[in-house]
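Before I ask anything, here is the structure I am working with.
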Amino acid sequence: MSAVPISYYLVLSAILFGLGVVAFVFKRNIITMFMSIELMLNAVNLAFVAFARAHNSLDGLVFVFFVIVVAAAESAVGLAIVIMLAQNRQSLNVERINLLKL
Amino acid sequence: MNIAILMFFVCALLAVAGAVVLILAQEPIHSALALVLVMMALAVLYLLLGAPFIAAVQVIVYAGAVMVLFVFVIMLLNAGVEERTDFSKIAKFAGVPLGFLLLLEIAHWLAHSPIGTAIANGVGSSNEAADTANLSEMLFRQYLFPFEATSILILIAILGALVLARKEPS
Amino acid sequence: MLLLNHLWIILALPLAGAAINGLLGKRWPQSTVNSVAIGSVVLSFLAAAETVREFLGLAAAQIPFIGNYFTWMVAGEATPHPFRVDFALQVDQLTVVMLLVVTFVGMLIHIYSTGYMAHEGGYYRFFSYLNLFMFFMLTLVMGANLIVMFVGWEGVGLCSYLLIGFWFLKKSAADAGKKAFIVTRIGDFGFTVGILLVFATFGTVAFGEIFSQVADKPVDVLTTICLLLFAGAIGKSAQLPLYVWLPDAMEGPTPVSALIHAATMVTAGVYMVARMNPLFSRAPAAMLVVAIVGAVTAFYSATIGLVQTDIKKVLAYSTVSQLGYMFLACGVGAYSAGIFHLMTHAFFKGLLFLAAGSVIHAMGGEQDMMKMGGLRKKIPATYWTMFIATLAIAGIPGFAGFFSKDAILEAAYSGPYANLLLWGLGVAGAGLTSFYMFRLIFLTFFGEPRYDEHAVHVHESTKNMTIPLMVLAFLSIFGGWFAAPKLVGGIDYFEKFVAPVFAAYAPASGAVSPVATEVPASPAMDLLHALTGWPVIVGVLGLLVAWWFYIKRPDTPKRLAQSVHGLYTLLLNKYYVDEIYAALIVRPLLWISTNVLWHVVDEGLIDGTVNGTATVARGSGAQARKLQSGNTRSYAAWVILGAVGFTAILFGLLGVAR
Amino acid sequence: MPDGQFMNLHRLAPEVVLCLFGMIVMAVDPFVGAARKRTLGWLALVGAVLALASVHVANHFPGPAYSDLIHADSFSMFLHVVILSAVVMAIFGSLDYLDQENIQRSEYYALVLFAAAGMGILAGANELVTAFVGLEISSIATYVLVGFRRRSPVSNEASLKYFLLGSFATAFFLYGIAMVYGVTGTTRIEDVQVALNEAVTSGGHVPALAILGLGLILVGLGFKVVVSPFQIYAPDVYEGAPTPVTALLASGPKVATFAIMIRIFYVSFSAAQGYWFWAVCVCAVLTMLIGNLGALMQTNVKRMLAYSSIAHAGYILVAFAASTALGVAAVLFYLAAYVFMKVGAFVIITHLGQQDEKRLLIQDYSGLASKQPVVAACFSLFLLSLLGLPATGGFVGKFFAFQAALGVSRRALVLLVVIAAINTIIGAYYYLRVIITMYFQAPHRDYAPTPVPAAVAIALVIAAAGTLYLGILPSRVWDLAQTAAGSLFPH
Amino acid sequence: MGTQGYLLTVITFLPLFSVGAVLLLRSDDQIWIRRIALAASLAEFAVSLLLLRGFDSANPEYQFVERHAWIGESIQYHLGVDGISLFLVLLTTFLTPIAILCSWESIHENVKGFFVALLLIETAMIGVFVSLDLFLFFVFWELTLIPMYFMIGMWGHDRRIYAAVKFILYTMFGSILMLVAIVWLYGKAGTFDFPDILALMQSGQLVFPPTTELLMFGAFFLAFAIKVPLFPLHTWLPDAHTEAPTAGSVILAGVMLKLGTYGILRFCLPLFPEAAHRMAQPIAVLAIIGIVYGALVATVQTDLKRLVAYTSVSHLGFVVLGIFAFNTVAIQGAIFQMLSHGVSTGALFLGVGMLYDRRHTFEIKQYGGLATPMPVLMSFFLFISLSSLALPPLNGFVGEFLILIGTFQTHHAWASWASSGAVLSAIYLLWAYQRVALGEVTVEKNKTLPDASTRERIILATVAVAILFLGIASPLFTRRMEVSVNNVLEQTSGSRNASRPVVAPTAPGVAATIPHRALPAVAELQVRP
């Protein structure tokens, strides 16, 4: 039985990554911006898995494991930051958070 | 037309759709749910790629823990409708288009990469290499160091959350 | 041979005097200052005299006698063109003449000054300057090479600057001093380049070495050299067009005018030309220029002298005019005549100035002749001496001026470089000279007093002033008699004495003063011829006209002035030369320097560029800051831009590599 | 795999010590009264110093550790020393600062130590994912540290910006790694090199995907070493962060990231040198220009120094572009010099900033020389060193950088050096402006100088000594840098 | 050239040590700070005189050589003097005590810092003159800037900050490019050691293609020309001079400008002979423009100190002209002119400073008729002016005349144009003197001004003696220079005729520093053009 070429997965990962990038620059809400980063990471994971498949090696999968862990940690800190910020500011709109400039 | 391809396209479609919704949704909560959808779809794809363990982790840790955390925070801060300000012209006129350009670029090179032609196995076909035993073997021997390092990472995360998110003793 | 081997003593004495007075004189009484100043000069005169005595005993081969003291400048010794200047002094006939004139007249004027300056402030300063001047003047005349000569040359310029501006509280005096220095410096520009060219041509600056090579150098180079050097002479000796400083120099104390601006310094140019005669004699073109400049100046300044009313100004223009004669002499190859006139002129013009000083002294500082008159009786000594000097300068036979001026005009008339036009100018000038000099005498000493006799009580000067007058008067009469025998077909002893200097390197053609070669016809005829020569005639004519104008018909001048008013004002204003210079050179230069060079080029262009760059940098800095909008989304856009950009660069090159 | 490669902790001595002390600090925390938290700072200091000492240990056993994921070569050791001295100085600078801001907490020190550990890993990493983990350790720790002044809105904001953009860039880095893995099937530095060389020999050119990966990696790393156009976040973050953290931020991660950057570009992608050369050149020019021009008009010293650190990244890239062993050595030396002068400068800002960092404007320092001559002198020393005046480390660093770049006779590099030179002049303008204010202007009446605390003094002494030592007697360090650079290219 | 003791090191760093001594004093203990500084500088001068004793004027090599490895193999601590640098060192050590003495009373605030800066400058400047290693040279070169920067900025007058910044940015701009050139040179020669590089060039091992040489020459020359300053790079000078304190101006005019001309003579000519000869014409033209231009602009200045500043532009023009005449006499003249300008112009600034101490203005209008209240000071002022306007037999004349004579040998036109400078100098100096000293006292305040104090008399007398001595005893100086000058000329012309291969080979030193371990891609990259 025929099956799906790796390139399909890769292209999908590219699309997701790209959409993640676009999302990051497009969204204004801090939390959703952060989500788009997660999206990008997922895209990366997909690529890793696909490559691992292609090379028929396990390293890729291990990397995915690490990425997920890191992402988890990151999100913990990130959301903490968001909360801290929310305590001091009204808006979660990233464009309104610009005391520091020039 | 075989089941594998069908499933791939279904999931891919779901994933992309999720991503698009993530972008377009006004409510952060919708975006969050969309992201969960993406993750689920990806988990299925991982299965297709013969990485059940990763798929599991994906569902449990990512979709489970992380996204729940997100939703939790969204609720906590009851983040309402996103206000679509456009202060940043460069983001609007350069950022977004360039984002898509980057997408195309990456997609192009990935599509034309020689590795791309390798064929993945279909569903169910168990992959000895990818079985969890070997995986853990690798994780705890070859990649022991990063693994240990991640423990520090998590410790840092805890610390960070502690420091930042706690209420100020006023 | 005591002093010949120690020529430096002659210089050292006045220098020492200057130093002592300058450093210590301030606290000393006038008597001490006097004894130092005069002592040093007298000693230096005696030394000079002794030197001359010893010199006369030298064999021709030992002349010029050179004393070499130390190496002053040296460079490139190991190179093919080493440059080396020794501080060397030399004595030859020419030097001897100058030496005696300078030291003797200088001595007299020092003595005179003790009287004249008795009541002035800065007494010690004055004498220290005067001594310093003596030092430099002697350096000038004794220098054995161009550079040492140049040292003296510049030094006397400095002293003239200091002495003209002696009463520096008067702005006019300060200005005059500055003007004198700067105008002469303009001439020195030529002189300097001349020296450079000399060294480049002859590889040396020592006179002897130069002259020995002069024969085999191309004429055009020599001409250039001569013209450049002559430019220096023009400045120093106040010839056209650089004479303008001399009349102003009369701002200085009168003894200064007498010593520096009549007797010695201003004649330095003549001396230099004479000294460089081997070069000039080989550059006919240059000779012609010298002659023309001399003759024209002689006539030109005489015309200005006609209408001046300031007694010293008259004398100043007459000096310029007389210097013109000297150059005319050199120009027509009659160097000895030029030097001869230089000497006699030193006597009678020095005398004229001193006498004028005495008059001014008597009048309590009044210099305007129109406010004098009838002083004959009141200050007889001054009157008689001054009258003698006037006769001398007017070229009345028997007086010093007659012999020298006659020799010059004769050379111009019949010499190898004879030029009737120039001769004519010279004769005319002589007539004018005689006129304005007698005009001076008549206005000052004759007629009715034109001053308030109660306000000014005229008094004869003291002995220490009148005695020098008399001595000089004596010389003004007999100082020219060296040449007397020539009148009766004999030989001109002065010329005979100095001839070797001009004969030594004379070109084959023989440009030595012609008189020597002339075969005497009959003595009586010569005498008659000489006594009835044009110079004498015009001289007498001038006397008579002056008498007519100022004694017989005192109203004539006024009428004449009205009838030819334009010419009169032109003369009165000295042809507006100063104004023209100011308008054409001085003001434009200052204006350009200020408004173009300084404000436009310096501040505008250069600093503008510098500050402009700074401004541009700051501006772009301000722009660069604007990138930091503080908006995270923009930042994200930048990151994406970077990603796309860099991958583009990388792939661009990959494409190239493909 | 042979157990020889397995678990050689001694080669990771510094990291071990750091983490250990990090945990100790945490563990001791509950038993220390709120008033005495400061002692934890000293404890952390001990940890850092011990780590510094333990570099010596690790240096005794050079070689791979943890199945070759980590290299304890002299290259990594050199950078460890640099990083750790930065950390030590930063901690010295922090002690009194935290008191004054009253955020004296154990977490701070723990995080600093962990961050340092992360940087250490990054410096030694011989495998991309390990590097990624190291990078994240240091990054996440610094995200938190930046936001440590919770009450200050700028601090939060800085923390957020840094976090968002940081993880954004990291994602690129990660994707780059994925590509590399995809092309070569490995993520070990040397293996990648081998694979790519093979690809070149067989395919004739470097695979496109690898190049793409390189580009994405450049994004991620460029962000951390703060080069244009990824410098964009730095001024905000540096300004908002607590000053001692800024000191750490401007030194540690930069140094560590340059380490991995060198490994990736020089070793893994040596085959692609012809391609990344140009990217680096362009990057260098942009970075220098934007850094210096941006600093030109700043009124806030802290922000100005942030820009200046961007500019310096540019100068370092000049040496980097040389792509020779000499170039690597120059980069290393420059980093060493840079750390001392930069941290020194920031420590001084920390002190002069006073409570709530309210005195950060250049004007605030007018007439400082007359009030605190020694501080002013030190500050001037650091500024002049940053400006690159002889007899300071900054000069020698620039000098070696130029020497390396010009050592390769290549027109582009000559041009690059000239541009760098001209940038130095632009830089002179704003560095001197501070000196002018301190020395040439009348002192503020209202300004009451606070006496220099011992800890700060020590930090300053270290920094100044280091700056001068590297400026006057650089031979020894230069030799070390050269051997370190050499250790990158065995064979 | 064997090592001959450590005299140069001592001379170079003695001031630095005395800085240490000064720093030990309490900063309010002004008297002792001054005394120690003065004592130190006098001692320094005394020590530097030892150079004269040991100096062999027949020896073309560098003398009192010291040579030790410093940074790696390629950078050395290499000192030495020859006939060119010898007198410049002496000039420095001579002027520093005077500078200290003249700021004895005029400096009140932060006295300590002032004298520290002064002594630092001395060390740096001497270092420039004696270092034979390009790296070392550059280090000292840059180090001269900072203390002077502080001196202008801290103890200067109203617009001091502008002046200070202008000064330092201007000069740094030049020198940074020189640094690039130096490093590039190293890249080719593999050493920073100046004599070694020359040796490589003489032996034809090191050859530059014309264009490259020209660029290098440009980079070096720019740095020096700015320092000189050569028209049109001179505009920093008037500001710096006008704003600097007296001592600063004295040092700046006296020595620092000579760093430029010295650099040209020592480095630009021998290192890049071809380029030097090719550029001689335009540079000479600029120099002549500078001579005339500086004089003209000086004439119309209304600010006395600015006026003196512009005279420097004019006088240094002579020096540059002399150097580019490539003629022993001219170059000897140039060096001599450096010395005499150092003394004369330094002295002029001293005089101006003394006026400033009394009236706190440089406006010529504010003066006038000063000869009445202060005859002594004004007499000295006149004397100095005369030396500056090249009146024989004073020092100014000797220098200028040697330059002119030498230049005239090769280029009639140049020398002729330059001589016009003499006329102009008379104009601006005498006019200035008249406006300041002569006439009635115009401003009431000036009537009561005190005449020169004993301290001032000592200072002025010293320089006056120096002026006279330089003027009359010039052979004592020129004879000691000649061999070295010929040496330089020979280097400048010698390596021109050296036969040369087409491409410059990279010297061994470089091969050593760029090891074979360099990555392959790089290896092939290097051969790629």
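Letters A, B, C, D and E mark the chains as written, and numbering starts fresh at 1 in each.
Assume a contact is a pair of C-beta atoms (placed from the backbone, for glycine too) under 8 Å apart; a residue touches a chain by one contact, two chains touch by 3 or more.
Note that the coordinates shown come from a computational prediction; the quantities given were computed from them, not determined experimentally.
Shared contacts of subunit C and subunit E, meaning chains that touch the two of them, come down to D.
Touch-path distance (fewest steps) from subunit B to subunit C is 1.
Each chain gets a centre from the mean of its Cα atoms; the one farthest from the centre of subunit E is B.
When the interfaces D-E and B-D are ranked by how many C-beta pairs touch across them, D-E comes first. Chain nearest the geometric middle of the protein is E, using mean C-alpha positions. Comparing the CA-atom centres of all chains against that of subunit C, the greatest distance is found for B.
Centroids of subunit A and subunit E (each the mean of its C-alpha atoms) stand 64 Å apart.
Rounded to a whole number, the gap between the C-alpha centres of subunit A and subunit D is 26 angstrom.
Averaging Cα coordinates per chain places subunit A and subunit B 6 Å apart. Centre to centre, using the average C-alpha position, subunit B and subunit E are separated by 69 Å. The set of subunit E residues touching two or more other chains comprises 169. Counting only residues that touch two or more partner chains, subunit B has 87-88, 91, 95, 99, 102, 105-106, 110, 113, 115, 142-143, 146, 150, 153, 156-157, 160, 163-164, 168. With touch defined as above, residues shared between interfaces to two or more other chains in subunit D number as follows: 129, 133, 136, 140, 143-144, 147, 150-151, 159-161, 164, 168, 175, 182, 208, 212, 235-236, 274, 429.
Contact annotation for chain pairs lists A-B, A-C, A-D, B-C, B-D, C-D, C-E, D-E, with touch applied as defined.
For subunit A in complex with subunit D, the touching residues are 10, 17, 20, 24, 30, 33-34, 37, 40-41, 43-44, 47-48, 50-51, 54-55, 57, 59-60, 62-63, 66-67, 70, 73-74, 77-78, 80-82, 84-85, 88-89, 94, 97-101.
Residues of subunit D touching subunit B in their complex: 1, 6-7, 19, 22-23, 26, 65-67, 69-70, 105, 107-108, 110-111, 114, 117-118, 121, 129-130, 133-134, 136-137, 140-141, 143-144, 147-148, 150-151, 159, 175, 182-183, 207-209, 212.
Residues 129, 132-133, 136, 140, 143-144, 147, 150-151, 153-154, 156-161, 163-164, 167-168, 171, 174-175, 177-179, 181-182, 185-187, 235-237, 239-240 of subunit D touch subunit A in their complex. Note for the complex: subunit E touches subunit D at residues 70-72, 110, 135, 138-140, 142-143, 145-146, 149-150, 153-154, 160-161, 164-165, 168-169, 172-173, 176-177, 179-180, 183-184, 186-187, 506, 510, 513-515, 517-522, 525-526.
On the side of subunit B, the complex with subunit A involves touching residues 2, 4-5, 8, 12, 15-16, 19-20, 22-23, 25, 28, 31-32, 35, 38-39, 42, 45-46, 48-51, 53-54, 57-58, 61-62, 65-66, 69-70, 73-74, 76-77, 79, 82-85, 87-88, 91, 95-96, 99-100, 102-104, 106-107, 110-111, 113, 115-122, 129-130, 134-135, 138-139, 142-143, 146-147, 150, 153-154, 156-158, 160-161, 163-165, 167-168.
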